[in-house]
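The block underneath contains the structure these notes are about, expressed in structure tokens.
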Amino acid sequence: MPAKAGDDRPVERLSPRQRDALLPGLEAWTLADDGAAIARRFVFGDFVAAFGFMTRAAIVAERMNHHPEWANVYNRVDVRLTTHDADGLSMRDIALARALDALAASA
Amino acid sequence: MPAKAGDDRPVERLSPRQRDALLPGLEAWTLADDGAAIARRFVFGDFVAAFGFMTRAAIVAERMNHHPEWANVYNRVDVRLTTHDADGLSMRDIALARALDALAASA
Amino acid sequence: MPAKAGDDRPVERLSPRQRDALLPGLEAWTLADDGAAIARRFVFGDFVAAFGFMTRAAIVAERMNHHPEWANVYNRVDVRLTTHDADGLSMRDIALARALDALAASA
Amino acid sequence: MPAKAGDDRPVERLSPRQRDALLPGLEAWTLADDGAAIARRFVFGDFVAAFGFMTRAAIVAERMNHHPEWANVYNRVDVRLTTHDADGLSMRDIALARALDALAASA
């Protein structure tokens, strides 16, 4: 995981062209109908594994200064990413989505 | 916090009379329209405080073997409690609600 | 992970014979010179992974009502298990050691 | 808690004069005999409270990119801060000590 803080990443809204170029790397994520958010469901073996993922994700999100909207029921974690300051998707969402995918892959 | 595990608490659905006798002690919680769940929003100073609460709540929930449905956005944690095996509210929800209230009061 | 709470496990001190029969299943752990504790160092990729392990371990330890003595420096977690009530090793330490091994294997 | 990442804080070793000017604000901390580290014991009501503190501290430490050496036994957390790159105390230790004091005060 890169130690670099995410504060410097631009929060400008991605253009549809930029967005569509980035999404192929995030195949487990679904683009919202309005194009303003991406969402993914993570499923783990049990609650302990799900919350271990959430803790690692919380640390990474705070370090990136970009936080998910997320819900948990037992072994499921539903994550939604958007950038309020951009009124849509920014590079911060892409970066956080990639980081969460990496965390889940090692859970 | 009592060390006793919650496994032994009955999971039978509370009768409306039982429920109404217990809810006055849970004034920050809202009863769902169908009476099958209670919900509360917890608000903290920042994400770090919110996630610290969630971690303590996760430990307590696992110990009680009864887990919340919950969502987090930055400093807010929305919790919904119900007992699937009872198809409604049971004493487990009441006990977990009380425990979460106690944790939030010391956050 | 079994949902069963650990409260019922006997806290009697294991005899040397019992202990020696159980340790072959815990090959990554070292027996203290006085035979009263076992210890293991867990090493992870970074601090985030180490703390994710610690969070899962904390939940499991509380559920078992048996807690580790542990230290963390960045990506390392040094765990020492003993049962104070038994003045030595009990089945609770064996059970917690097995649980921690399982958690680390899925980290 | 300031959102600013700690990466930019100088890691140069504090001079004895600088150090002695800063320590009065950290009265619960003890300076090591060799002057190269500070240490504090935090005591909480139970394991759940102690680990809630550790989780908040872990998030803050990662955000500051400066990590504690710490040990936990049930409701106690022993923290030692030093800056390896400075071979002694730097402003990063002072900043992290202040942050941990603030977290413990709200636990």
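By letter and in written order, the chains are A, B, C and D; residue numbering begins at 1 in each of them.
Just so it is clear, a contact is a pair of C-beta atoms (placed from the backbone, for glycine too) under 8 Å apart; a residue touches a chain by one contact, two chains touch by 3 or more.
Computed from a predicted structure; not experimentally measured.
Visitor: Have a look at where subunit B meets subunit D and say same if over half of the interface residue numbers show up on both copies, different if under half do.
Guide: Answer same: the two copies use largely identical residue numbers here.
Visitor: A-C versus B-C: which has more C-beta pairs touching?
Guide: Counting C-beta pairs in contact, A-C comes out ahead.
Visitor: Comparing centres built from CA atoms, which chain ends up most distant from subunit B?
Guide: D
Visitor: Would you kindly tell me how far, in whole Å, the mean C-alpha position of subunit C lies from that of subunit B?
Guide: 30
Visitor: Between subunit A and subunit C, what is the separation of their C-alpha centroids in Å?
Guide: Chain centroid spacing, subunit A to subunit C, equals 33 Å.
Visitor: Of all residues in subunit B, which are in touch with two or more distinct other chains?
Guide: 48, 51, 55, 58-60, 62
Visitor: Just say which it is for the chain contacts: an open line, a closed ring, a star, complete, or other.
Guide: Its topology is that of a complete graph.
Visitor: Hey, which residues of subunit B end up touching subunit C in the complex?
Guide: So the residues of subunit B in touch with subunit C come to 3-5, 7, 55, 58-60, 62-63, 65.
Visitor: Flag every residue of subunit D that touches subunit B in the complex, lowest number first.
Guide: Within the complex, subunit D contacts subunit B at residues 1, 45-46, 48-49, 51-53, 55-56, 59-60, 103, 106-107.
Visitor: In the complex of these two chains, what residues of subunit D are touching subunit C?
Guide: So the residues of subunit D in touch with subunit C come to 47-48, 51, 54-55, 58, 61-62, 67-74.
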